[in-house]
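Look at the two complexes coming up: chain A is in both, with chain B in one and chain C in the other.
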Partner chain A sequence: MDRRRLGLGGLLRHPLTVATPSVLVMLAFFFAPVVITVVYSFLTGELFQVSRPITLGNYESALTLDVNRTMALNSVIIGVIVATVTVAVGMPVAYWLHFSAGRWATPVISLVVASMFAGYLVRIYAWRTVLGTNGVINSGLSGSGLIDEPLGFLIFSRAAVTIAELHLMLPFAIVMLYAAIRPIRLDHLEAAEDLGSSPSIRWRRLILPLMAAPMASAWMFIFIVSSSDFVTPQFLGGLDGQLIGTQINRYFRESGDYGKGAALAVLMIVFYTVLYLLIQGGLRMAKLNRIEWD
Partner chain B sequence: MAFTRQVRLLLALLLSFTLFAAACGDGDDSSDTDSSEDATEEAAAEEETGDEAEDSEAAAGAGGEIDYLGWEGYDNFFGAADGPIGDLGITFNSTYMGAPSDIASRFASGGGEGIDLLAWTSANHAQYRSIEGTLSPITEDEVPNLKGLVSQFNDDTWNQFKDDDGNWLAIPFSFAPLGITYNSTAVEPTSYADLLDPSLTGRVGIPDVPGLHVQAASAALGYQAETLTPEELEEVIAFMQEIWGQARVLSPSFGDIIGLLNSGEIDAAYGGYPGLGAFTENPDIKTVFPSEGTFSFVEVYSIPAGADNREGALAFINAMLDPANNATINDALAQATTVSDAIPLVSEANAELYPYDDLDGFFAENSVMTLPGGANGVGMGEFIEQYGALAAGG
Partner chain C sequence: MQYQTRRSIPTLLTTIGALAFLFVPLFIVILFSFHATDALTPPFEGVSLRWYREVLADDAVRDGLFTSLRVAVLTAVTTLIFGTAAAYGVSRTAGRAGAAYATLFLLPIAMPGLILGVALLSFFSNRSISLSTLTVVIAHTVFVAPVFFIVARTALDRIDEAQLEAAADLGATPGYRFRKVILPQVLPVLLAGAAMAFVISFDEFIVTFFVIGNESTLPLVIFSRLRRTIDPSINAISSLLLFLNLALWLAALLYSLRLEARRRRDALAQVQG
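So, the complex of A and B:
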């Protein structure tokens, strides 16, 4: 018989107590909707409803329709570009903020966070002002005599969606990577320097290994958010910049075919899960998945 | 595992609170345990409260609170207290939708309980009738102003508004024919064919409103969108494909289209209604009904079967069909009135936008908006898949 006495403090600090609210929230707002979506994906869609018989037709449609493949490819291309560029830019910024910015670190990171305060749609519309036919870039180039006709590809294109997503996602990358790099002490760099390592070796053999897992997490997060976006493509995408989220939205909100929409959504979840497992596997093989700070 | 005294004390407090709350009840059945003195005091208080409620009701009218679900702006045109519906004493508890499908999906999942009034678009209404039991039929006695509707709406020429018994499921209060909205300094189209002019390549805006496209193409080709066959759908898609080849952008809304016309991003929009020009200071933004034919969207009110305040909703709808009120709201919306006696009352600007002079002739040639119903093998799902392919540049 366990005779240990559990005090109030101990009870509140018990792992089960601490984890319970998060677990309940995840069960209610993540796990349950995912289960419902999976169930829907195997049922026959009617008008804004699903019913029996059970079918694989939704998956067949999702996998064979050209439009789905086109939009999925767009999503992957834009997601990879946005995630890679934002992490590549965010990492040096985080490094500078932590090791070199000194008293500027707080104001700069505050500005990065403040840039997210402007509404999502406001920032998308701002890009229209910048990239538009009569926008800042075209007017500037035209005024300086560099172009005779406005550059039409700047807006309502895959390029426009990519540029806007880069802008929307970069603050997230910087904040995530800055939070991850803070435990690395200057002592580590100084010790490496004292041992004769050059800046590139310090970057390659000290910083990157320690930051690999956080960078992978940031990459994955930004990839998921940017590749599944359906609002930015609506405002900036034209006909060649539509992403897979747009098609899912149409199934759910226009045709009311919950079965097909759910099948596409489940395939996206599966794709993201496989990608996540591959990244984790890669980190594990490179022995970069578990970092001991002390 | 044992608990310390602190934990036992906490548990005891929680138990005591639970028992105390249970003993108090919700107040409705507490009179059973009241002493006679308490009961007398409570009766006096109730009488006083009742008097106040009566006074309040008399002051506010019989409208009460209406739980509204629908387009933003169709719920409270004149303010709760002032203006023509002030006497009804209606206050709105409103939920606005992003698309008409929000109504259908909500009712299909059983989430429509307690909603008193819906405002949506007739094309969607025709589809949503398949969700049985969601709407409460309305008789003409319940909304006396229905008799003032323009004859095509009153007769339900297009089988959009009434059930098989002749009772109203959707009451039209506003409409607008759709056409080509354009910047007249750049182009003067008169037909969809004009949009194919090489000078407009990459200068046409396409609203991302699938229902609009299936109806526009069907109307242009002489088909009924509601009863499309697979062969007709192929032609509809081919028609759309040709015009979409000229497209610069797939725009999320009519408001966005106006912004694009104003900023010079596009010169014409495949889809748009005359009132759109009223929402911009630019007099060069105009709308033409294409020679291939047009169609109208019709805004309607419905009352769900589970409405708590059906009387209030009926009173509101009746007020909205009052000629003076209807003219005022359609002036504000820059849309056309559905009420005959409101036609002479609309503003000069509104009268210039719509074919009030010959509504009979106009409606003889042009229908109202419908969506594929699936009767001949083409439902909205079949259309959306092809639409998605076009939207992805296919």
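So, the complex of A and C:
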């Protein structure tokens, strides 16, 4: 923008003026709700209302209730497994799509995206059909005489939640990693090859360092989404497989204790933020945060 | 592909395994939606369309479908307007102010749906705003506008500054420049972004669950059925939803492929001509 013309008229015509209403909408409907949640977490909640006095009791109960601890632990365990496995599977898929798929790359990545569009609830439901007591796996196994009684642990367990989360998250891992691997050119691989490196060295010394930052982003995204899910556990988790989202949902939708629910939500935000900063710090220390090629 | 590819058996096998894992459960749902009996488990005993007939005659499903369509269309429109305005302002502004605006606009992307949902529920209850499809549209817009913003900004950043300066020198006002220089170049991307907003909104459950009033979107109808019973009609609803989403997505894909082909043709014509 030309500084000379920046009078009132210039200010009105400034591009950021066009963007301001949008940002105000975000402030009103994103930042204000977050602020209110933080305020609620210090108030006493009851029957879908909050009132004074100001209290730390919500945080005390959030951190000390056994049920919260169990569910939080489940969230962390399942989130770590799901994020790690999907990134570990997504990497070779991204490699194949970029370096060896050729004309197959577009149809295959399209299929992966298509599976995402099958719908969130549909995909959870699909696993109930597959894993259920009378589900496809159990009927298949008993039909072929391998088992006498259905394998009960398949559904309503942490394992069931983990499998469904893997299914929900794998497409995200593949899409994010494929987008990130595309700048790496085959020349890089061939140069390393000409210098006599083995395939495992090329993975360790070339591809993984170049992909460390996007892998960390994908990991973090998938960890956040899968560990905060409360719908999958509701349909597949049974008693043992509930995540912390279940408890937040109960406070907000069933008991109406907004204060306790808000405290749990705030703790989740804090936890995710700290984890994010730790991962970014780790990348920076390993000097993997900003690798440039070419 | 412009370069030689290389064979890699382990990564190929991983890809095949991943695709199988993603699609086998979906095929089973589709298969049993055509089941003649109400059994949801093998063996498969004959094909019928009875569940589809049942679902299509079901008022709750139809109402849910219309509510979902209304919400998704409104979300796509509001996202298109607010997202484009934000992306335009940020991409035409160098320096800190633009970056600050971008950060403010992008932050909701890092927020899990659950927390956005309960935060908005607290906000609406605190402000005594009653829950309705309007609050759902607001929530969906906050949820998808940042994603749209990324797509729109990438396209707007590619616009050649020289064209805008030339237009300005010839006396075009900012509004005229936007309509005649910028918009024709980015419109396809903006529409694709709006389509994406539509699809995300149409399928969204978690945020919706907290901010909806008495009406139900289609995912909420499915949710309440899933909770109650094992009901074979769920297979049919799910399959219909799947076909609908796939059709939308396929249309978007074909459209983008055609655009790509046209861009290549234009580029070629430019080189030759």
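Just so it is clear, the second predicted complex is superposed on the first by the 264 of 294 C-alpha atoms of A that agree within 3 Å, B and C clash if a C-alpha of one lies under 4 Å from a C-alpha of the other, contacts with A are read in each partner's own complex, and residues count from 1 in each chain.
Here is the rule we go by: a residue touches a chain if its C-beta (ideal position, glycine included) is under 8 Å from a C-beta of that chain, and two chains touch if they have at least 3 such contacts.
Note that the structure is predicted; figures quoted are calculated from it, not measured.
Colleague: Report clash or fit for the pair chain B and chain C bound to chain A in the combined superposed model.
Modeller: Superposition check on chain A flags a clash between chain B and chain C.
Colleague: In the superposed arrangement, which partner chain does A:253 touch: chain B (first), chain C (second), both, or neither?
Modeller: The answer is both, since A:253 touches chain B and chain C.
Colleague: One more residue to check, A:242. First (chain B), second (chain C), both or neither?
Modeller: So A:242 only meets chain B here.
Colleague: On the A-aligned overlay, A:134 touches which partner chain: chain B = first, chain C = second, or both, or neither?
Modeller: both
Colleague: Just chain B (first), just chain C (second), both, or neither: which does A:278 touch?
Modeller: Neither: A:278 stays clear of chain B and chain C.
Colleague: Would you check which partner chain A:152 touches, where first means chain B only, second means chain C only, and both and neither mean what they say?
Modeller: Once the two structures are laid over each other on A, A:152 reaches chain B alone.
Colleague: If you stack the two complexes on chain A, which partner ends up touching A:48: first (chain B), second (chain C), both, or neither?
Modeller: both
Colleague: With the two complexes superposed on chain A, say which partner A:63 touches: chain B (first), chain C (second), both, or neither.
Modeller: neither
Colleague: For A:286, is the partner it touches chain B (first), chain C (second), both, or none of the two (neither)?
Modeller: neither
Colleague: Please name the chain, chain B or chain C, that touches the greater number of residues in chain A.
Modeller: Of chain B and chain C, more residues of chain A lie in contact with C.
Colleague: Given 22-30, 40-48, 76-84 or 94-102, which one is the stretch of chain B whose C-alpha atoms run into chain C?
Modeller: Of the stretches 22-30, 40-48, 76-84 or 94-102 of chain B, only 94-102 runs into chain C after superposition.
Colleague: Which parts of chain A are in contact with chain B and also with chain C?
Modeller: In chain A, residues 48-49, 128, 132, 134, 234-235, 252-253 are touched by chain B and also by chain C.
Colleague: Would you tell me which residues of chain A are touching chain C in their complex?
Modeller: 1, 13-23, 25-27, 29-30, 32-34, 36-37, 40, 48-49, 89, 92-93, 95-97, 99-103, 105, 108, 110-115, 117-130, 132, 134-136, 139-140, 143, 166-167, 170-171, 174, 185-186, 189, 224-225, 228-231, 234-235, 245, 248-249, 252-253, 258, 261-262, 265, 268-269, 272, 276
Colleague: Looking at the complex, which residues from chain B come into contact with chain A?
Modeller: On the chain B side, the touching residues are 1-4, 6-7, 10, 98-99, 101-102, 104-105, 108-109, 127-128, 130-131, 202, 208, 210-211, 244, 247-252, 256, 263-265, 379-381, 383-385, 387-394.
Colleague: Which residues of chain A touch chain B once you look at their complex with the stated criterion?
Modeller: Of all residues in chain A, those touching chain B are 2-8, 11, 45, 47-49, 61, 65-68, 70-71, 74, 128, 132-134, 152, 155-156, 234-235, 237-240, 242, 246-247, 250-257, 260.
Colleague: In the complex formed with chain A, which residues of chain C make contact?
Modeller: Those residues of chain C that touch chain A are 1, 3-8, 10-12, 14-15, 17-19, 21-26, 28-29, 32, 40-43, 82-83, 85-93, 97-98, 101, 104-105, 107-108, 110-116, 118-123, 125-126, 138-139, 141-142, 145, 174, 199, 203-206, 209-210, 219, 222-223, 226-227, 234-235, 238, 241-242, 245-246, 248-249, 253.
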